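I've put the structures underneath this note.
Two complexes, one shared chain (chain A), two partners (chain B, chain C).
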Partner chain A sequence: MSSFARRQLLLGLGAIAGLALIAPLLLANPYSSRLAQLLFLNILLASAWNLVGGFAGQISFGNASLFGVGAYATSMLWLAGFHPFLTMPAAAVLAALYGVAWGWPCLRLRGPYFAIATIGVAEATRIVANHIEAAGGASGLTLPLEQDLGPVLLYALGAVLAVAAVLVSAAVRRSRLGLGLIALREDAQAAAASGVNVARQQVTVFAITAALTGLAGSYYAVFTLYIVPEKVFGFDLSISLVLMVLVGGIGTVMGPVLGAGIYLFLEQFVLASLADIHLAAFGALLIFIILLEPRGAAPRLAQFVRLIRRRVG
Partner chain B sequence: MSGPAPGSALVEARGVVKRFGGLTAVHRLDLTLWEGEILGLIGPNGAGKTTLFNLLSGQFAPDSGKILLEGREIHHLPSHRICRLGLARTFQVPRPFLAMTAFESVLVGAQFGRRVPGTSASDTAERCVALTRLEPRRNAPVHSLNLAERKRLDLARALATRPRVLLVDEVAAGLNPTEVRETVGILREVHASGVGIIYVEHVMEAVMDISHRVHVLDHGATIAIGTPGEVTRDPAVIEAYLGRSAGP
Partner chain C sequence: MVDLLSVLASGILVGTVYAYMAYGLGLIYGVLRVVNLAHGAFLTLGVYVTWWLNATFGMDPLVSILITVPLGFALGATVERTLVFRLRDSPPVTTLLLLFGVWLIVRNALYLIFGGADRSLLTSYSLESLAVGPLTLSIPRLIVSAFSLLGFVVLALMLKRTWSGLALRAVAQDREAAALSGVPVNRVWAVAFGIGSALAMSAGSLMSLFYSVTPEFGARFLLKSFCVVVLGGLTNIGGILVAGIGLGIAEDLTAFYIHTGYRDVVSFLVLTAALVMRRADSD
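For the complex of A and B:
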């Protein structure tokens, strides 16, 4: 095993151990348990989005379409009698297949053209989902409440998924794939002239994004036990991912983690009182960030940590 | 400088045509790069030199005609395939990956370029960084590199793909005489390692100095081919560059 892989494995195990240690704190009441679940969900979603949005520079406003596929795959299989854990690989695979199916043509576009195409795909997916009666139509699906996995298992599942997403992200960043993605983000033509198969690199990373986003949908279904197309295929969800990553630091491994936390904090404690205008408030926040700190919070935080280390060391 | 004995053709363009709307940028062009050769490609602005490079390296497909690399048709292939078959290029205006370090940029070429069994990508990248005298800037972010360094970085990235043929587009333009000499020296080393070179350049001393043959284009067509000495005396070349003489 390479030293990088060993270090990542140790960091991952350390993170899981840390999350296990603080578990009693977060599992103290149903509200804090739910906050932890939402945090894990956001980390998973934001890290997945960042693979294609941050590394490849392809801004997707359509990840809800992948999230919804994961959520519905798990829900329908669960209702068909499979254990929820067994449905998760299926959710990942189906979301990846759906992602490749529309990512393949759309990723030929770059920049704003790709972004607009993703909105179209996701909205079309939402509308179709609303009309599939076999999947509950617009009223959605209610999952077997009596089979709830319980807060401890859900916490553990979320922690493992979130940590895994961050490790995948770090591994992609370090890999040949990651190098090719950053090259094509910086200059697609020069990357192609250097031997990078631009189309294949993008579709490959999008499959990983889609699989992780599908897992997130699956996890969401398992802890909310109730899904409707308007929520799991909703445009709000797609936008929130973009916001998280931009706030945290696009194109970095830890940025999405940071952004996921900041977003949850704002959503729960600051913007809850603003209710209906919370998206407008996020829009204002986004403008603020782009003007003052376009690289997001992560680089600034890293700078701060280095400063502290220098003072201490 | 005398040319090498003609061996086999590394690159051949046969009757290549490229139009942009009503403008014919390259018109029924034939061009050959022989094994072991440095071929200078010159011509006034708008002669079609860069368009030809874009055709050879797969950025554009020709409207008609054929392009062969070591006898294999490549004109229908995408750039990355052509690169992996052994044809690499630099750009007139360097196109760096700004978010990377110099070494990472070169590593892109080494990891995605032509596969050569028994060589590791990082060794190749190190060698190309050294060859282009970028060692002192190895870990510098690309955005901090100056023009001369960016030109050498473009060259290093192209070389890291382990090409059989290198297309060099105005690598000496905008450099001072010392930098030009250094760059020409690098190209000589590249050639000595067995790479065929097609060299587009407006800096005449550089291109005349190292080219075995010079191919002169004007308005997308060939007007002269010969040794540097021959083409500089060719009336058609003089006319293309300076205009027709007023006398009889």
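For the complex of A and C:
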């Protein structure tokens, strides 16, 4: 085991231990445990989006299509009698397959063309999902409430998934795959000329993104116990991922984590009081970040931490 | 047979409007290399301004074009000057996200002012139709289709015959060469964004005659506009017209022979397929 892998593993275990320590605090009431679940969900989703959006620079507006596949896979299998834990690998695999199915052709496009193609795929998926009667059609699926896993198990599941997503993200960032993707983001032609297999690398990382996003969908289904196409395949979900990562810091490992937290805070505490103008608030935030802070909050935070260290040390 | 003919006829009529609605998007892309996600905002603003003028002053939607065109131009040029211009050297995806922000704000403003309810606009000729042989063609659709074609001709003439049109084409072809030959590139950008937005808003005026007015109007037609523009070639007037009609026909065939619910799936799938097949991989 390389020293990097050992360090990552230790960091991961440390994070899990830390999350276990503060668990009693977050599990104090139903609202705070729901907040924790949403935070884990956001971290998982944003880290997954960042693999292809941040490292490879391919902005996807279509991740809801993968999320929905995961959510439906788990729900339908659960309703067919499988234990929810057993449905999660299936959700990941199905989402990855669907992701590769459309990612493989679409990832040949770059920049705005890819972004638009993903909107097309995701919207088509949403409309079709609304019409599949076997999957509940537009009214969606309600899961067996009496089989709810309970807050403790859901917390543990979410914590493991979120930490795993961040570790995957760090591993990809450091791997040959990640370096190839970053080369590709900076200059596609130069990357191809230097021997980066542009097509294969993008599809590989997109499969990882899709599997993690599918797991997120699965987790969502397990803790909300109710899914509808307009929500799990919705454009709003896809947009929120882009915002989270942009707010936190695109193309970094910790940026999506930070963004997931900031987004949850904004959504729960700021927007709750501004429900009427939440779209405009997100729009203004988007414009603000792009014009003034295109690298997001992560570099600022790193700067701040360095400053403190220098003062202290 | 009559079924097929009437489906084709209605597809063609809708298709010309699609082409007109999409043209502004293509023009802005051609000149600025910017994917205008705020196109949806301008389409929606066009429908709402037209609906409001009709509800308040009883103004005919076709007359309100005289207002939506200059208003669209002013708004578009302002967005370009204040926001898009700042990002002229950034990757195109950044501008796309920025304009998406503009769209979110406009959508929200419309929800606040008009609420989320579907509204519709009725004129004296809204329900009239014309019998041509075995076919029955709706009068508003015929009028709108004629106006769209007229708009196309005016635009083509402007681009071909006037100095401003020449300047637009020059910047679209080669920004640096145009600047060196004395074309005021900055002003051309603002003008192109203005014209593109004016086209979108006036398309909204026309479309208010037979689509319901909601803040989500633009979302649906933005993607169709992309579809038309990508299929037809981003700045190719003739191509866009053909693509618009093609999409109109394909949608009507799907709605008639498969399922009405799948009408919009066609445009999304065609959009993605067209993008992938073009392999337009330039950044």
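Following the convention adopted for this analysis, the second predicted complex is superposed on the first by the 312 of 313 C-alpha atoms of A that agree within 3 Å, B and C clash if a C-alpha of one lies under 4 Å from a C-alpha of the other, contacts with A are read in each partner's own complex, and residues count from 1 in each chain.
One rule holds for everything that comes next: a contact is a pair of C-beta atoms (placed from the backbone, for glycine too) under 8 Å apart; a residue touches a chain by one contact, two chains touch by 3 or more.
Values in this document were obtained by computation on a predicted structure and should not be read as measured data.
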First, second, both or neither for A:R176, with chain B first and chain C second: first
Which of chain B and chain C A:D276 touches, first, second, both or neither: second
Partner chain(s) touched by A:L161 [first = chain B, second = chain C, both, neither]: neither
Touch count on chain A, higher of chain B and chain C: C
Contacts of A:I116 with chain B and chain C, given as first, second, both or neither: second
Chain B versus chain C as contact partner of A:V198, first or second or both or neither: first
A:A190 touches, of chain B and chain C: first, second, both or neither? first
Overlapping contact positions on chain A, where the chain C interface meets the chain B interface: none
Complex contact set, residues of chain A against chain B: 176, 179-180, 182-183, 185-187, 189-198, 251
Footprint of chain C on chain A - complex, ascending: 57, 59, 102, 105-106, 108-113, 115-117, 119-121, 123-124, 127-128, 130-131, 188, 235, 239, 242, 246, 276-280, 282-287, 290-291, 294
Footprint of chain A on chain C - complex, ascending: 35, 83, 86-87, 90-94, 96-98, 100-105, 107-109, 111-112, 219, 223, 226-227, 230, 259, 261-262, 264-265, 267-269, 271-272, 275-276, 279-283
Contact footprint of chain A on chain B as seen in their complex: 57-59, 78-80, 83-84, 88-89, 91, 95-100, 104-105, 107-109, 111-114, 157-158, 160-161
